[in-house]
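Below you'll find the structure I mean.
Residue numbering begins at 1 within each chain, and the chains themselves are lettered A, B, C and D in the order written.
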Amino acid sequence: MKKELNINHLTRVEGHGAVNIVFENERLKEIKLKFTEGPRFFEYITRERLYTEIPKIVSRICGICYVSHRLASISAIEDAFGAKVTPEIELLRKLLVVGEYLESHALHLYFLALPDYMGYPSTLAMAKDYPNVVKRGFLLKDVGNKIMKLIGGKTIHGENILPGGFKSVPSKEQLQKVQDDLYKVIPEIKATISLFDSFEYPKFNEKYPLSLCIDGDSFTLMGDNLALSDGTLFTKKEYELFVEEKTSTYSTAKYSTVKGKPFLIGPLSRINYHLDNLRSETKEVVSLLETSFPSDNSLHANVARAVEMLELALEGIEITQMLINSYPFKGEVEVKPKAGTGYGVKEAPRGTLYHKYTFDESGRCVSANIITPTAQLQAIIEKDLGDLVELSLDADDAELRKRAEMLIRAYDP
Amino acid sequence: MVKIGVMGLTGCSGCQCEILNCEDAIYKLLGKVEFSYFPLAQDSNSFEEFDVLFVEGSVTTDLDEEKVRKGREISKILVAIGSCACYGGVQSQRNDEVTIEEMLKEVYGTTELSVKVSKPKAVSEIVKVDYELPGCPLDKRQFVYTVAFLLNGVRPFFPKTPVCHECKLSETECLTLKGIPCQGPITFAGCGAPCTISGVGCQGCRGDCDFPNYEEMVSILKKNGLSEGDAFRFIKVFRGKQAQDGISKLISRGALNEKGA
Amino acid sequence: MKKSFEKLLTKPLPINPFKPEKALITDIEDLAPDHKKFSFVFLNEEVNEKWSHIPGQFVMLTVPKAGEIPISICSSPTRKGTIELTVRKVGRKTEVLHRMKPGDLVAIRGPYGNGFPVEIMEGHNVLIIAGGLGIAPLRSLIWYILDKRHLYKDVYILYGTRNYESVLYKEELRRLKERNDIKCLYILDKFKSEVDKKWTNREGLITTLIPEVALDPQETFVAVCGPPVAYRFIGKELIKNGYPESQVFVSLERKMECGIGKCGHCQIGYKFACVDGPIFPLWDTKNLPEMI
Amino acid sequence: MEFHIDKAKVLPKSNFRLFLEGLKNFGVLIAPKKKKEKFFFDVIDDTSEVEVDYTRTILPPKKFLIPYRRERFSYDVETLEFKDNFTPENQVIFGIHSCDLHGISILDSVYLKENPDPRYLEVRKRTVLIGLSCKPDDFCFCLSTGTAFPDGTNWDLFLTDIGSDYFVTIGSPKGDEIVISLKGLFREITKEDLSLYKKSTSQKKFLFNLDKLPDLGRISQVIELEYDSEVWEEEAKKCLGCGTCTNVCPTCFCYTAVDIPDLNGKKISRVEFTTSCQYPYYSLVAGGHYFKPKRSARFKHRYYHKFVGYSYQIEKLGCVGCGRCSAECPAKISMVETIKKLRGVEDEKELREAFNETSTD
């Protein structure tokens, strides 16, 4: 009779995680997902810092989705100061997000998730047998990186992403180059979608209690309003009223619930919600898939990710065209600090993200609150893991471990 | 086969991602080296012995400390990558201002966390480090150079010249002269000055160059619109202990007075 | 109408002064902890034949993979066939060299620098003062003088090291001490063990040996090489004992990348250590700032 | 007189673009371009981008003679066969001001007088230098360094703006060849052209703020005499040690060489990169000993080298008064001011007055 199963070091996930499963009488008793990553106190270190320092500091919360943290903090800052940016700056930010998603999703799909489905320990190990697949992963990442480097200044933690806009903007030729690159990767993305659609995804869970994403008329990753799958809509200012955070006794990530329930965020939540808002080309591709959306299968997050890449690449092409048409434009508006509180939400690749800051009149931060996707995912992953274990009681430890890891990876916590 | 490990402590994984961005180099390396430990990228990881171990992140928990001590024991060469591992990183910028308990209480509402937490430290404060490749994140080219040097049995060579050097060579207009706060003159070059090229002042993510002139830097930053306290905070963001020591030395010399405000 | 390089246009291209010649390590001898003596022969017979140098000159040695380092030649030009270099392991490049084996290839260019004014010194007494590794370039001078012993008057060798262990060329120096055509005074910083005492009966700083030298200072040329910090004290003591500054020659070490006056690192005041030195009369220290 | 005025020609400004296009026949065209508020030398495709009204570029044209990062050799680890993979192209650098031409002639002396550097020689042989007259700004002091006019002839053509035309002096057979090949673009000089040319050159002097120019008479002695002056400490206190002053200087030449192995461990490249005497590692030797441990020592070294060292090494001052080091210094340290402080301007004024008094008596 088994008592306990521990996965001490989750691999191919960003950060450090462990899972602890306890059984009693052949039944699952308790599941704990632990993040053992050291805390970094971003809410504290941002205090007393000038608003100009904030995006830079919070960028370091995550090296993969730094663009999201930066943009969420920037929109909170602009919100607090009542600054409005120009449509071109908005477009550049959206293009930046296209870059972020291409790189982050490609990294996740090809380097973290794919080996599971192909039966390899890592993507690098696949390079010999599947050189083209691995190359495609690198290529997609590279296009994303190039966009981030071009607009942000560096591929990771680019410092050109600032409250008020950008200190310098790409030239017309560079934008054209981005557009060309995006056109080039569309077939690669489509191949990615088919690849991930072709895998078999065992179903193990019931309907999600709730899911959350940013609301909008079109597929969007930035906005001021949020939608819950039960039909509730709320504004970014109300975020903390809905999403409750608790400190966990066994994990360094906080534990969040909405209306007392675990809730889903991330690509699957977004695609489920925005299914009708996708561009027609994406819709067409989606309609031909084996996988059917909306889906309640957590593992389908991988397919959703690939679909998002297509949607965003298409958006990127439109954005570059609009920017080229409105050339030359100013990349920056003036931001004048004043006392107040500002809110920013953004869809990070792995889910909704929330930043709130209060500033004094000189623009120094008085207090901050940041709710990361990882914190919000903790509860839903634990719930899913529970479902998974319940269904796999007959599986041996190694198998169970593998399935658990695959599931966690699909969330990319 | 040369065994290489890539280990993450407390950090943002940005440096490890940057390593994964070195596509060409990784392909070239595949036949020659074995990534025997790289949990971010692979399943089968053995933490047994390494020719070179790259360590990302600061030492913040007892687990971190345990891991890095073990890592040191089992590796011939230990390289700290990124500013977290080299200096303590952004999370250590207030080490000199508050206690860890205070921060825990404020952020988590309790000092009892599932792991034992201490002030974020650079790897070199715990174990001997053979080389440091700072940067937030580290520079791709420097990583590749380092691997090439080490595979050839030669220590890497990166003179600690200031970012101004690379900024000039790319013929970028001097931001300090334009009145934009920039830490280029006191920051260790090697990044290719991407920030100043985009018109943003250097944020100092690579730490100190040799013999940095903090005093003049602070006085220039003041001329460029920062208060003395903000200038300190600006300098402190990435440098961890380096800046805390440097600034307290300035204050004790009486060169500068203000500490807070 | 002249371009400054016009005359170069008419001549065939000069041989590339940056290009080293391949050489083989024929022998490696452990001298002291972290100190090894390497012997080299050039692969090209012709180069071997033609090679000659002046004591005090140095070569630029390419340590494969690591880079080039300036190293003084410690063998005498009077003994042809091999070049010997004594290298202390101090950093990136020297540690790679220390891992090399006989039979390995290196590359060498040179000789560079001015060397000691051996011809001007002829007919005079010679006082050689070496500290630590400073004995290396002076060994070249010692053997040069000994091989042309009749050209020089009285010769003194003063050699100071930390302890017996760090004495270089132990056997050679022991035999030199037994010769009666030169006078050798050896000294150690502090006696720690019996072996130390067996080597010499003197303990203390090398400067304490200078008054013991029984030479007419006016008739004497002095060659000094040692750690940078020692020069000031040795210089002072020599002057105190009446040695004319223009007859005291010191060998200086600076960072060097090219050896031929192009990289700038070795500047001492207005001079280049590589082309105007590395041997400078003590007199220059008055004119050249920060020389010692 | 080194150049022959009868060899001069006039290029009407209306033909200027065609002239630039024509230059492309003689190699890759390099000329000043604008970048935000600054200028820089760059390879020119579209000749409309060429800026003739510039005061100074951030980096001098030396970057096309000695690139800031350059491979000297590559060698094979096993055979130690040294190869130089250096294939210079013909290039035409247009728009070089007089000071920079002098800067190049200093580099010529450094690299070619003794132990000529074959790579530099090769580049130099393939480079056509075309000068352009200029208007000084507050940072310029070429009048003091004696480099305001292109008198030495290491250049091929020199264009002087005389209003609606350029007065083109020819400094070498290569220059002649260019003029002949583009014959149609030039016209013969007339008396008026000549007088305009004379006027324009003799007027240059008045474009300077003569009071602000440093007195460089016996500068070598001044630097030596004031070697222990506190002025060095005072100025060096502001110095950031960032190396900007040397990186932008048309006459600085220092470099560090490093052997860089490749990932395969087969090929090593010996790379030389520009360095600066202002960096501490510059004088660091084995044992961790810095020969210039103090910032003031490094600071002083630059002045010493420019005004004492070069005079000894190549018999010219090492400064051509281009003003770059002062214009680009983030700490706003000015070479001219430092020199004035060293000399003690006030003393000098008093001296002069005293001298005038006694001599008028």
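The definition used in the following text is that contacts are C-beta pairs under 8 Å (C-beta built on N, C-alpha and C of every residue); 3 or more make two chains touch, one makes a residue touch a chain.
From a predicted model like this one, the values you see are computed outputs, not experimental measurements.
Interface comparison, C-D versus B-D: the higher number of contacting C-beta pairs is recorded for C-D. Ranking every chain by how far its Cα centroid lies from the centroid of subunit C, the top place goes to A.
Every chain gets a centre from its CA atoms, and the centre nearest the mean of all protein CA atoms is that of B. Inter-chain centre distance (subunit A to subunit D, centres taken as mean C-alpha positions): 53 Å.
Per-chain Cα centroids separate subunit A from subunit C by 65 Å.
If you average the CA atoms of subunit C and of subunit D, the two centres end up 38 Å from each other.
Inter-chain spacing, taken between the CA centroids of subunit B and subunit D, is 38 Å. Touching of two or more other chains is recorded for residues 152, 154, 157 of subunit B. Counting partner chains per residue, subunit D shows two or more touched chains at residues 256, 258-259, 261, 265, 268, 275. Counting partner chains per residue, subunit A has no residue touching two or more of them. Contact between chains, per the stated criterion, is found for A-B, B-C, B-D, C-D. The touching residues of subunit C, when paired with subunit D in their complex, are 1-5, 8-9, 13-14, 16-20, 22, 62, 64-68, 88, 90-91, 94, 105-107, 227-228, 253-255, 257-258, 260-265, 267, 269-272, 275, 289-290. Of all residues in subunit B, only 25, 28-29, 32, 144-145, 147-149, 151-152, 154, 157, 159-162, 164-165, 168-169, 171-174, 176-177, 182, 184-186, 209-213, 215-217, 220 touch subunit D in the complex they form. Against subunit A, in their complex, subunit B makes its touches with residues 8-18, 20-21, 23, 26-27, 30, 35, 38-45, 57-58, 60-61, 63-64, 89-91, 93-94, 98, 103-104, 106-110, 112-115, 117, 120, 136-137, 140, 191, 194-195, 197-200, 203, 205, 226, 230, 233-234, 237.
Chain contact summary for the complex, subunit D toward subunit C: residues 2-3, 72-73, 75, 77-80, 82, 84, 105, 108-118, 121, 124-125, 153-154, 171-172, 227, 253-259, 261, 265, 268, 270, 272, 275, 277, 282-287, 289, 291-292, 297, 300-301, 304-305, 308-309, 311-313. The residues of subunit D lying in touch with subunit B in their complex are 35-38, 40, 57-59, 68-69, 237-244, 247-248, 256, 258-265, 268, 274-276, 279-281, 295, 328, 330-332.
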